[in-house]
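In what comes next, subunit A is part of two complexes: it sits with subunit B in the first one and with subunit C in the second one.
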Partner chain A sequence: MPSDTVGNGALVPFSGDPPAVYPLHHGLAPPIRRLSISWSRGNSLRLSLFAAAATKVVEVKLTAEDPEISDAHWRRIAYGSVAPFALLQSRRSSLSALLKTPSPYHSDWWENVLQYSKEIGSLLGGSKLPPSPIIEDSNTIVKSGEEPTSMKAAWELIEIFYVDKQSQAWLPERLVDWLADYDSLFTSTYETIHGKLVDFQKELVNIQISHFLLEPHSIWHQVIEDDPRYWDLLSSALSVGWLEIVVKMLRLHGSYQLDQLSNREYHCAFQAQLNVKSKTIAVTVSKFHLENGLVEAVAVLISKMPRLCPESVGKFGEFYKSKPDFIKPWEKWRLQITKLDCSPIWIQCDNQQTREGLRNLLQIMLGNTDSLCMATCYWIELYISHFLYIRPFTMGIESMYNLAQKCIQLKPQSNTHRLARLMIGILEENTEVVLAECSREFGPWLVAHAIELLTAGSEQAEILLHEERYNLGGISIVELHRLVYAQILSSHTLTWQIAPIYLTSCMKQGMGLLENLLSRQSVQHNNVLLKNIEICRLYELDHISSNIMKIAGVYRWKHGHKGAGVFWLQQAEDASCLDRIAQQLFDSVGKSISDESFKQWEGMIELLGSESKHAGGLEFLHKYRDFKKSLQKVSGRKSTDTARQAVGSLILLMKNPSTPQRFWLPLLYDSLKLLNWKDCPLLSVSETNLLLNKLQDLSLAKLRPHYSEPNLPSDALSSIRLALATNLGRAILDE
Partner chain B sequence: MAATAIHRFPQHKYVDAVRWLPQLSPFDRFAVLALFDFDSDASSIQIHSLTPNPFSFQPQFSSSLPSRISSLKTSHFLLKPLIVASTAAGSLHFIFADSSYSSLDSEVSVPEGALHSVPASSVDLMDGGVECVTVGEDGKVNMVGVGDSNLSYRRLFDSGGLVSYTAVRWASPMEFATGGYGFSLQWWDQRKPGGPVSQFKGNWDKKMSSGIVHSIDIHPSRKHTCLAGGSLGSVFAWDLRWQQQPIILSGAGNTMVQSISESEVWEVQYDRCIKSNASSSRILPSMICSEDGILAVIEQGEEPVELLAEPCAINSFDIDRHNPLDVICSLEWEAVAILTRQ
Partner chain C sequence: MAKELLTLDDATTCTSWNFSGTRLAAASADGTLSIFDSRNPPSSSSLRSTFKFRVLEGNIVKIVWVPPEYGDAVACISADGIVSLWEEVAEDTQSLQWKMCKSFGNSSNKVLDVQFGISLTCLKMVAAYSDGNIRVFELLDPLELRNWQLQAEFQNVIESVSAFGKASCLSASISWNPQKGGSQESSFLIGFNSNTSELNSSKVWEFDQAHQRWLPVAELALPEDKGHQVYAVAWAPNIGRPYEIIAVATDKGLAIWHVGLNPDHDGRLPVKRVALLSGHEGMVWQMEWDMSGMTLATTGEDGMVRLWQSNLNGVWHQQAAFEPIS
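Let's turn to the complex of A and B:
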């Protein structure tokens, strides 16, 4: 687009982030003469481009799709969270009705919230990897499965801290599990252990292949312990408690390859140009066994680490559910490590890399701060390692926050990952910061749903989030975030119909916005219209639904679907509108309700029903049809009885105030045959007088403006008068 | 009824309608979906193949249509599977798949405006696919003949918008039934042009308001009975021999029958799976799906049996002709569910 040349090309000076650029694919030949921009649905802009020869309308979606979660996936999450949310709300309201307190906070409430949290969490995808196959392929160290999402990581983090009271006792271990699941997410911002492991694994395959090509009989194992990264990674994985990975990697150590046992030693010997004597071999072999014994001893110690959490399949360690049970084994284990560390046996281990690597692992398990700091990449990893090896009994969030501060100082980073910011907010015990982080980084869906978790365990948070605030226009923080989420749902054709669930949970402004939302929906298509009316029925919004039906009725009427129009106006009980359209209908009736087109009208008149309550002025049509039918019968036969019935219909029509005046004369003219009935006068004196009065009224009406002359022969009026007068005479004589 | 296996398959697009396709070999089973992508305004029909072990439902091929599909029917014509779809823009498309359902054989269509003005129209295809009847809210009734490579169409009736039609179903090669506003039903005979031969507008309970018929079914063995489903959870039968009194099977504010739903019944079909006493004068059992997410079997004088209760609307369903225990239905939340009854 040609830019304005004032200043740097911007009409309004920008500050802060650079503006996002959206390329347009309009396919028009330049020059574009005019451009008009308006808002479309949701976050889309509608651009109308006018070129010399053609015009085109394009829509530009302003928010880029979340790279982690596609729009379609987002909708699935939105659909799936409706039922758990609604269930929790109904439980909350029934509970607070039961306890007669506004806040449903009581001891068991968190169990409901936990169930809700698990259901919502499962929507965020990636059920964790099946725990059993600790992959048989010896080269696979890091399991790769469905990519975890930050959204799920954030959700679980909040769940761990706020909801799950049951596992509060083993909070540190839950954080270890959390990091094991989501460490890969931090790779975008920091160097991570997960990232390093993945890189190393890629190389493992390469090493293996190249070695295999060079020396088909030797394999790469012989050198793995000579690679400093191997020990580096072992200590890193151990520091964050990925014991399965550590044990697996240790078993890759060359000393386990007994068939190749002294390959390495031969190699060294050859290089040193030594004479290979059988005695030396024996010594080498025994040393080799010693080395293997040390590796195995460390592996066994690692796999027997006592852990303060319930047992879970595929996880290494010995599990204790309570602190008193845990302390003794823990101390015993530490003692074993110290013993091994102090043992003189290390001197006999010739392989320096192995010796130092293994002893470093022992230092990590002994909680050596320097070793932990070296082994971990960023503060959360260091933090987790502290829980595992230095302060396994940590309880209480206050000390956790201080520890986090310390770790951040030890591992300063220039930029912070959004999950790290969320974690700091949680540890600070600052609900508002947590909400702000959720809102800024993870969007309205997460905030609207996670708020339930934040209030689960704390009355204080409950009060903070539910109190009405002047600066928010009298609504609470909870309501604000629900309203924001509902707005987003409302902006999409597929999700607007779940917005009512959220709006109705908002005490102050929810109903108003719901009415607004329902009134805004298109009435054009029956399925949307019926859904709309159904929602009105559910929430007892009769005035809205009757409005919608009126609009639908008028829309259909205007588009020529007269029957459907009348149906909806009848449903809306809009008598005045029906009256008005009745006048329009009568114009066509007068001309077209002749015998041949009767079939078309038949259905419409059936629709009006025998009940005239909601038919408005259209009630006349029904009676007119009855009259026409009886008149048709009369013309066929000469029976006086049928003629009497026809007269009955005529009198009913003429008496009825809803019969339009302009139909009086045509009706009477149609009935001339009845008035001049040969056998006997069909109308009584009073009936005749009624009709004469009507004629009188008509002659007065003629003097008024707007009177339209019916399309009848010129002698119509006089022949009616004559017939009425004759009938009157005969009737008087009869009576 | 014993346990029913339910499999759900997300589609990431709105599913307007779903139908089983005629089964041409005993091992392969296929269904056709009418999909609409609101983000790109793209409408398509997609053929999916169903394999039982492991249970999977995979797209085979898809074909795009100019506008959103308002009605979808399947049949076969000269041993070829035939799909007919009417769109919200008023066009009508006949799609012939090849017998392995791996590609599209040919497509013929009647352009927009020739049959109906907008909006939605409903269509039914005669068994064997010789003739197709279309009705619309614009009050037009059309016959479309399917030839080998061409289509011929003629207008049977035009109410000029005074009456709208929302559902249609063949009863015999000459007769069909339509439904519309005010729970009205019409019976037509091609041999007697100029309007419906019979009309039904029952004497409904005065207190309750009226509704729209969304779907009609007629059983081949009982052509005098017209089964209809519509607003207010109503399912009723109209026996041509007892013209003015509907037999209410569910809903419509009637306290005499058990109602399984109170909202729109979008589709109704006779349930071919339940064997009922053929000589019985009762209405044969039927299946319905509704706006409030119910898929259920209704039998006169019996308690309704709920097969599925979803938190969202069920827009359409179809019972497999060859395996009537299998039901496929489209869920409003962009998914398809397949039920296998035991």
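Let's turn to the complex of A and C:
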């Protein structure tokens, strides 16, 4: 089949023209005058619907949820499958490295995949149910346990066909087991043997109840073998190989039951009273024993059926692991059935229902096509019955597809169950159909994980699925499906963190999508931010983490958390923002240097740190901070030593070429107390001259345009000049 | 399938989610801007109003979020063609507030669309005007959204000599190349819906660092379709494809283009129209790519939301549609 007819070749296969139209219920009075769309993370789409009376904002998840699996269970599956997936990927890459080939197709590779498959399979449902027929109590024919899911059934089906090489030899028997486990799933679409058994079981309880409630003689009409459905079900269950059920049901046959016997005797005695001789009673009883013998003979034959598979607990039959061992016992068994079938003993059995019912069971075991067709409900059941009774020696997948086609023709159905479509795809040996079915019916999780199983079996599939395609933007089908799945994970707050595992396994575009995913995370909350940065670190996405840190820094800076803002901008090494912050500090420092504002920006200078090369003026700010600190000490005490230290800082600042000119006057004004120090002049002659020269420069600068007058009292300049002159005079005298 | 997040009043004219999808801006016919925030960090399902203020005279028709690298800010475009840029800041000791940073455009020369893009380390704003002009502004100070400098002004034509009468444009659509950062000069895409056919066709403009000017590097219209009015353009995120994907909606239909990454000898990027799709009857209102650039969502006059994808053989098709039903 050419690939363009495969599910229309769609990424997510669609069912042809026209596209599916989904109703979007909004509850607003029409008309909708406008619509707007916005993609959220992953594949959730947000819509705004503008109507006359109101506007509604809704979120639409674009993946259909599996009705059989709850959200919470989904998340357990999603989280649980991460470890097996990652382990398999690491094994694949180490094997590739070892063999130096990109494709790790290797004779033993399937064993790794099988282990992976078993682990994933166990997530999809609890311990596998024993095939339905385990019976402890005679009322229970079909055991009801944990509901199986179609997802698990699909997974096992893929595993059976693609991965488990060991059991390829007994593939048909594995399908028998598979159907026994999952026949109930088909009940929603078709009539099934499982469904019929369940219904019958309910009836059976009623029969038992009536047994107790009704008068003994009326029981005669209630015995199970008189119910045609009893025989119908026996043949059905036998046709699909549920031997345990069949044997158990046969033993419900009236001829086994002692009280039943007495009922019959009673019945006979009752008849005898009405003029039948006692001899007749004896004959009836002996015929009754004959009937029981026949039932038991059939039951024994059924439980001794040779089967081509390893022995398993609770399963009836005689087991042979290899075909040569199996053929002879099989033929012998069939001979026994033929002998019984041809035996004249049947004439002596005058319970018509029992006689016909049992002989029909023999026909089934003899592989009578009509009987099998009558006994089964839909094509998969018929298909399985063919393997059991018509083609018991089938090995491998060859010719299985033709047989399936034949069974579909014999049991045409208007609807096809999704598992049935998957099975057809597998039997067709068309990997693309299988993928398309998995994708359409079971969703991206199954495709992303089952693709590992599909490639385990064949080099051809490996090539097909790993081949890079231009039409897909240079990625392979494997990568495409992983990307699609990762996007689903990304759309939920509880699962986005595991998306990177899948994205990093995508060679070509995974990192690109991961970058987009990480960039779209909100930076508002620290825990999300730290998680984000951690993921970036793990995958060496430095440029993304620095962008995230920049966004976080700007957000905090602008939202009033200046310290945190500077911290994150530093982490991001964002030179331009830090420069601007330093500049803003300068500006605020230049404007006012009250003690309160000093406290505010002091912490900021501390944070910006001196090693920050980018913030050019920071060196000045550090010196300025030191000066302000020493000045504060001076104001508290009268110690000349501390005052001298402050003067030292002042001179350093004024000498430093990086000190902006607009700070000169405020600095000197702040230092008036030092210049007018009572005990002694604190500045030397040369130092005083330096400051006077700066004042001279300032008066020249005033003449230039763009000079901004610092916000100081009008007499500031004159008082500085006076203080400097006084200090100079005292210094000259001292020196 | 659809989960309701919020109900807004009848005067609401447009909404816009921020980059991380945690804040929603909504605007009204009377020029009021409202901001809604997620109440609970891990779930975006419940939103509460954190700001409501009249930011413009008249009907707001579009809200565009500024990239988060430059703070939490929105540009509101009014039906009169005036843009008002508002930012959420906490100044000095004041509490958090939305403040206006800039306003431009006027009723005689309306702004039709505005989009922000990050080029090297600088924020750029492209504005399309009703006279067919494009202006590119540059943010001077990364922490200050007040100071913008006009970097360039040009028309959406390939041959600058071509003369045409006074253009009158009904709408314009701009889309930046979503690829951010790196050494690559950024580029954007613009198309007009006007009475002047030369202006209409979508073109990709790239900044030529060497000559400090914007150059048209690709035209996304077949020779016979150049005059068609453009309703919307959308540049898909590229997570590693060897080509860019761009969607252009005109009155002829929805076209998907492949644009090569490397220019040929005359400096043009190779382009190829890979699909012309029909679906929306009438005008296409909006087009948005998902974060992988694999699915395109569109809305239009027919009141439907449509999703478009390419199949394994590169054939584009409509994947699904949503029909609003009350």
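Quick note on the criterion: the second predicted complex is superposed on the first by the 486 of 735 C-alpha atoms of A that agree within 3 Å, B and C clash if a C-alpha of one lies under 4 Å from a C-alpha of the other, contacts with A are read in each partner's own complex, and residues count from 1 in each chain.
Keep in mind that, in the parts below, contacts are C-beta pairs under 8 Å (C-beta built on N, C-alpha and C of every residue); 3 or more make two chains touch, one makes a residue touch a chain.
The model shown is predicted, which means the values in this text are computed figures rather than measured ones.
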Touching partner for A:29 - first (subunit B), second (subunit C), both, neither: second
Please work out whether A:629 is in contact with subunit B alone, subunit C alone, both, or neither, and reply first, second, both or neither. neither
Just to be sure I read the superposition right, which of the two partners does A:71 touch: subunit B = first, subunit C = second, or both, or neither? first
Which partner chains sit in contact with A:91 here, subunit B, subunit C, both or neither? Use first/second/both/neither. neither
So in the superposed three-chain picture, is A:560 touching just subunit B, just subunit C, both, or none of them (first/second/both/neither)? both
Is A:525 in contact with subunit B, with subunit C, with both, or with neither (first, second, both, neither)? both
Based on the superposed arrangement, let me know which partner A:534 touches: subunit B (first), subunit C (second), both, or neither? first
Could you say whether A:421 touches subunit B, subunit C, both of them, or neither, answering first, second, both or neither? neither
Which of the two partners, first being subunit B and second being subunit C, lies in contact with A:493: first, second, both, or neither? both
Per-residue touch tally on subunit A - higher for subunit B or for subunit C: C
For subunit A, which residues lie in the overlap of the subunit B contacts and the subunit C contacts? 493-494, 524-525, 560
Subunit B contacts subunit A in the complex at 10, 12-14, 38-39, 88, 117, 119-120, 137-139, 159-164, 166, 180-182, 184, 186, 194-196, 199, 201, 203, 206, 209-210, 212, 231, 263-264, 291-292, 311-313, 332-334
The answer for subunit A against subunit B in the complex is residues 71-73, 75-76, 79, 82-83, 492-494, 497, 524-526, 530-531, 534, 537, 556, 560-564, 567, 570-571, 599-604, 606-607, 609-611
Which of the residues in subunit A come into contact with subunit C in the complex? 3-4, 6, 8-12, 14, 18-32, 34-43, 45-62, 64, 469-475, 477, 483-484, 487, 490, 493-494, 508-509, 511-513, 515-517, 519-525, 528, 543, 547, 550-551, 554-555, 557-560, 574, 576-577, 580-581, 584
Using the touch definition from the top, list the residues of subunit C that touch subunit A in their complex. 1-10, 12-17, 19-22, 24, 26, 41-45, 47, 68-72, 87-90, 95-96, 121, 141-144, 180-182, 237-243, 285-286, 288-292, 294-295, 297-299, 303-307, 309-315, 317-326
